[in-house]
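The following pair of complexes shares a single chain, chain A, combined with chain B in the former and chain C in the latter.
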Partner chain A sequence: MTVSTATATTSDPIAPKAVRGSPVGPRSFAAEPGRVVRGIILGIVGVVFLVPIVAMIEFSLRVGQPVDGRQAYGFQHFVAVFDPVNSRAYGVLFQGIVNSIGICAITVLIVLVLLLPTMIFVELKFPGLRRALEFVCIIPITIPSIVLVVGFVPVYSVVAGIFGSHPWTLSFAVGIIVLPYAYRPIAANLRAIEVVVLSEASRSLGAGWTSVLTRVILPNLRRGILSSVFITIAVVLGEYTIASFLSQNTFQTALILVQHTDPYVAVIFALFALIFAFVLLVFIGRLGSGSPRPRRGGPRRLTRRPE
Partner chain B sequence: MTNTRSSARNAARATPAVTASQAIPLAREGAAVELRNVVKDYAGHRALTGVNLSIAPGELVALLGPSGCGKTTVLRALSGLEAISDGQIRIDGADVAGLPVNRRDIGMVFQSYSLFPHMTVTQNVEFGLQMRRVDAASRRARAVDAIEMVGLGHLGGRYAHQLSGGQQQRVALARALVTRPRVLLLDEPLSALDAKVRVQLRDEIRRIQTELGITTVFVTHDQEEALAVADRVAVMRDGNIEQIGSPEQLYTQPATSFVATFVGLSNPVAAILAGATVTAYGATLPVLGTAPADGPVTAYIRPEDIALGSRGIPATVVASSFLGSLRRTQVRLADDSLLFVQHDVRERPVSGEPVFIEFAGHPVAVSEREE
Partner chain C sequence: MMSAAAIAPATTTSGAGVSTPRRRSVAWLGLLPFAGYVLLFLAVPAVLAVGSGFFTRAGAFTLANLAAFADPNIQKAFLASIGISALTAVAGAVIGAVVCFALLGTRSDGFLRTAVDSASSVLAQFGGVMLAFAFIATIGQQGLITKWLISSGLADNVFLNFNNQGPLLYQISGLNIVYLYFQVPLMVLTFMPAMEGLKSTWAEASATLGGTRLTYWTRIGMPILAPAFFGSLILLFANSFSSYATAAALLSQGGIIPLAIKQQSSSETVVGVANVSGVLALGMVVVMIVLMTAYAALQRRASRWQR
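On to the complex of A and B.
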């Protein structure tokens, strides 16, 4: 391991040992940072993330104005959020959350039902179209949302004519915004596994197209699909411009609305959103992490030989 | 049933050579395969120009040829991965035109590693049986037997990335064979492996194939591999088969100059043809097979048909290389042409040394001189 270090200048076997774990010295350009370096990096990043969160928590717990430079704290604002008395005032927020979750779900569906099969199909049957597909999927990133919206407004007068003016129709617009982000992880994953060879191998073993897809291709694309879904959700939850300009009530627009009247509640919901995103990240990370695990005790059955 | 299986497996451990036929009991003999005038056009490019090939049940035919000659295309046409533009392919006498890949009942091993990365070795091998709806218990047993047949009995729980290249190709072979396919198609299965593993695995493929009696097509661009492994070798060139025959036939009676130079090492030599003999450098040699019209021709003389001696044609040693059991020396003749001579390792010509060469008088292949 030490030999492969590009910067190991001496052949003295003791030298690399002497600097192990040290952030400075010849090993500091090694491929992987040492434990201490990793800890420091993590610490700094953690602080950067923690400061605003702590500030938000602190802010949301404030009660009244500081008296003689002393601030009183309590859970009044948190309680107020769930107080039925206020349901009218905060109703718009809860409705926004419901709408946003609906938009998330439909956008994810668009990615999984439209983008994913298209990408697999192009990869298997029309590799020549790969560049074209990539180009189309990347375009939205080059156009600012505000410009897109200008185009969307007339389109949505038609959409509203067909589907009615429901918040979930925003998914069509968001589905386009999301394309570049959803495309990348799946494309990288597709490139990394040899889809064509794997599908040809499984077909030569007697698998029909459905089996090829469900038993061979999709399991190997799990990671790409999961990151794609996560990024999609993150983008949907972060998208404000389109919802606002198309006059739909989503979590984000509601948050801005409420912030004008009650900044505490806005911060509390922002906190909830953060926690939700965090839990989602961990959950999806769990699903997609690690080496492929044997399904239903593969190796175990091996050891128990039938006699 | 389970009893006979486990005893077969015990036998496997003692003498691996006996078991293949027991591990995968053949439901039927290998199938006859026939290609009739098979044409394959890719957009604006004819990859196969009317290939005819009959393979007897249980036979191993190697497709040999330079890169781009259409070997893979023949194999993919046979497997159904590529539709043919014209002609007919018959397996067991039946036209397979309407059969998609997954219905042709073939086994394939690919040049690149093609194991399913998310499955263990055992799961990989079981896949084909699963597709054929074999029940779990016999599936497992047959997979274990097949894995043992390729000598990897202890690795059933591993994933592809935990295996060496040679092991991966062994698993791929087990995976292709476990379903007892009618035909086994191997597309340069050894080309990604290093020399030693290549020879080992090639011999093992031959052993297993012989024991199972499975009709096999083995694609390779390595003539040594083709000669070593096949019952018959089909030499391909520019989308068609130039000659097909046993390894000995191809080597000793090449039908064309292409075959003569592609199979084994040959020295093309300018010669004059007269009837059934050619004259080159003052020596008269008998001619192999059908010869072109009398006149100037190119004769192909094998290095082992030339000897270093104390008299004969004067030459100068250019270089000499030690090849283990023999030595190959390149000499330059008076007219500047270069010849390879194969001789005993105990003779050690040095570069620049004047020597004499002699032709052994074995029949040689000739072709019209290409100028």
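On to the complex of A and C.
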């Protein structure tokens, strides 16, 4: 339930820079903590939060039971993952990963084909509906997925009748869960550019609606779109509730299955997924943190001044 | 953060709407795909989930199912859910706020902040099955910390046997530790913007009037941050209240409401009432609506100082 990392970083551009380095002397009155206090707080919290990660790595490297209180370590479990001998044992896990990737792709498609055009459309033609759209997109945060899933069960007995009971059909349900996360980065981006002015300007220069969309609006929304695609992928890969209620095999449900027979492999894949999510989200952070260096061409510097 | 959209100016858009009054009758067709999707996969499941509690299995309207709330097991599960959510929300909010305080005065594009931001957004997403594995490897029976405590002479430590009911991790109390792992990062993400809203001029004003750092925080900083703090606290509460996957991976015998919903939907007869999962879903939604209303109100107050 991350509430938008992208909007959090768009801080007020006209806020006065803090009087850094001004000759005030020892700033004991200042609101901010001293170096030592900051170091102690962040050090303790940082170490505590590192422990489970370190424990996972340690766990995945264990070889056999400890002898005389000494634990042997090695990369055996990592090698075993890719050993063809085990392909039957881990088959369900790899199938789950394949299914999850498929669900990812279709969910991203739902975001790009259903959500994004609607958001642009509302911005251009129905600005009055903006609040309503936001409200709809936020609802899935208010209704826990465990509640929604109770309603998905009967809906999916109909869906299975139409499309068959394939894992990819989960995308429809997951697309709803993803809405709040996908909505925010695009909305923040839309707010930062003058969509109406941009489209009117290009229209008056003779552009058709297609080129307005593909050459003016979408390039300006690149950042928001990328962020919301990445966060969608992160959410889909971590989704467990819906898959488990609708008894489909995805990455997360397969992890639970495999964990009973081979906890090491489960931990190894959880580690991989964590690293993957970290890379994705660091990338989003880079996109969001804005480094507004002027780009060649591109009208992206046309940002709205706060009134 | 919800109110961020509320202050988005809606002034520039009037031109586009007025210029095409005739085409608007056709234009709303563009909203249909998304509206249809949301109707089928959000509105219908939500209504089915909450509404199913009011019907007998034969389909007749009834209020008799609400008797499920009188079941002592259900009441215990609700209390346990609320207890865990309250404890992890308060602890997570306090620890998270302290981390935010430690980050005050660091450059928002510096290495430290980028690292903490990215780590927080990953860990706040890091719910579910993988989080459970991380803690199995940390404080489970074979966990790093558990084994370390044993090897340093604490054979009967709290992680190995809590309340004489086996490892702490597989009990409801153990969830508190696990949930904090995503609660604290979520607090950092949601509370940091408010913390950054504190103007350095306020600290300087307080200092010129003879205030110490203590008086600044107790008389200015904390009162200003209070609405944002409690708003984030409610968000944290809602977050752990609706969390399902982590508990599902750790607790086999249930004990909190999301798990009770799962049990009831797989075997309908435990309480002797039809559609109990619908009734429980209704209970969760009521709690969430109360929380979100309070959140929106607090957020409106908090945004006063964040301009």
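We take it that the second predicted complex is superposed on the first by the 226 of 307 C-alpha atoms of A that agree within 3 Å, B and C clash if a C-alpha of one lies under 4 Å from a C-alpha of the other, contacts with A are read in each partner's own complex, and residues count from 1 in each chain.
Please note the rule applied: a contact is a pair of C-beta atoms (placed from the backbone, for glycine too) under 8 Å apart; a residue touches a chain by one contact, two chains touch by 3 or more.
Because the structure is predicted, anything quoted here is derived from the model rather than measured.
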Check your understanding: For A:V197, is the partner it touches chain B (first), chain C (second), both, or none of the two (neither)?
Key -> both
Check your understanding: On chain A, which partner touches more residues: chain B or chain C?
Key -> C
Practice item. In the overlay, answer first, second, both or neither for which of chain B and chain C A:G208 touches. Key: first
Review point. Does the superposition put A:A80 against chain B (first), chain C (second), both, or neither?
Key: neither
Practice item. Would you sort A:L115 into first (chain B), second (chain C), both or neither based on which partner it touches? Key: second
Review point. Between chain B (first) and chain C (second), which, if any, makes contact with A:P219: first, second, both or neither?
Key: first
Exercise for review: Quick one: classify A:V98 as touching chain B (first), chain C (second), both or neither.
Suggested key: neither
Practice item. Quick one: classify A:A89 as touching chain B (first), chain C (second), both or neither. Key: neither
Exercise for review: May I ask you to decide whether A:V267 touches chain B, chain C, both, or neither, giving the answer as first, second, both or neither?
Suggested key: second
Review point. What is the shared patch of chain A, the residues that chain B and chain C both contact?
Key: 194, 197, 200, 291, 307
Practice item. Please give the residue numbers of chain A that touch chain B in the complex, ascending. Key: 193-194, 197-198, 200-208, 211, 215-216, 219-220, 291-292, 294-295, 298-299, 301-302, 305-307
Practice item. Would you tell me which residues of chain A are touching chain C in their complex? Key: 1-5, 7-9, 11-12, 16, 18-19, 28-33, 37-38, 41-42, 45, 49, 51-56, 58-60, 69, 110, 114-115, 117-118, 121-131, 134, 136, 138-155, 172-173, 175-176, 179, 187-188, 191, 194, 196-197, 199-200, 234-235, 238-241, 244-245, 252, 255-256, 259, 263, 266-267, 270, 273-274, 277-278, 281-282, 284-285, 289, 291, 304, 307
Exercise for review: Note which residues of chain C are touching chain A in the complex, please.
Suggested key: 1-2, 4-6, 8-10, 12-17, 20, 24, 27-28, 30-31, 33-34, 37-38, 40-42, 44-50, 52, 95, 98-99, 101-106, 108-109, 112, 114, 116-119, 121-130, 133-138, 142-145, 151, 181, 184, 186, 189-190, 192-193, 196, 198-204, 206-207, 211-213, 216-217, 221, 235, 238-239, 241-242, 244-245, 248-249, 258, 261-262, 265, 277-278, 281, 284-285, 288-289, 292, 307
Study note, to complete from the structure: chain A partner, complex, touching residues on chain B are 2, 5-6, 79, 81, 100-103, 105-108, 110, 112, 114, 116-120, 122-123, 127-128, 131-132, 137, 140-141, 144, 156-157, 159, 172, 175-176, 179, 185
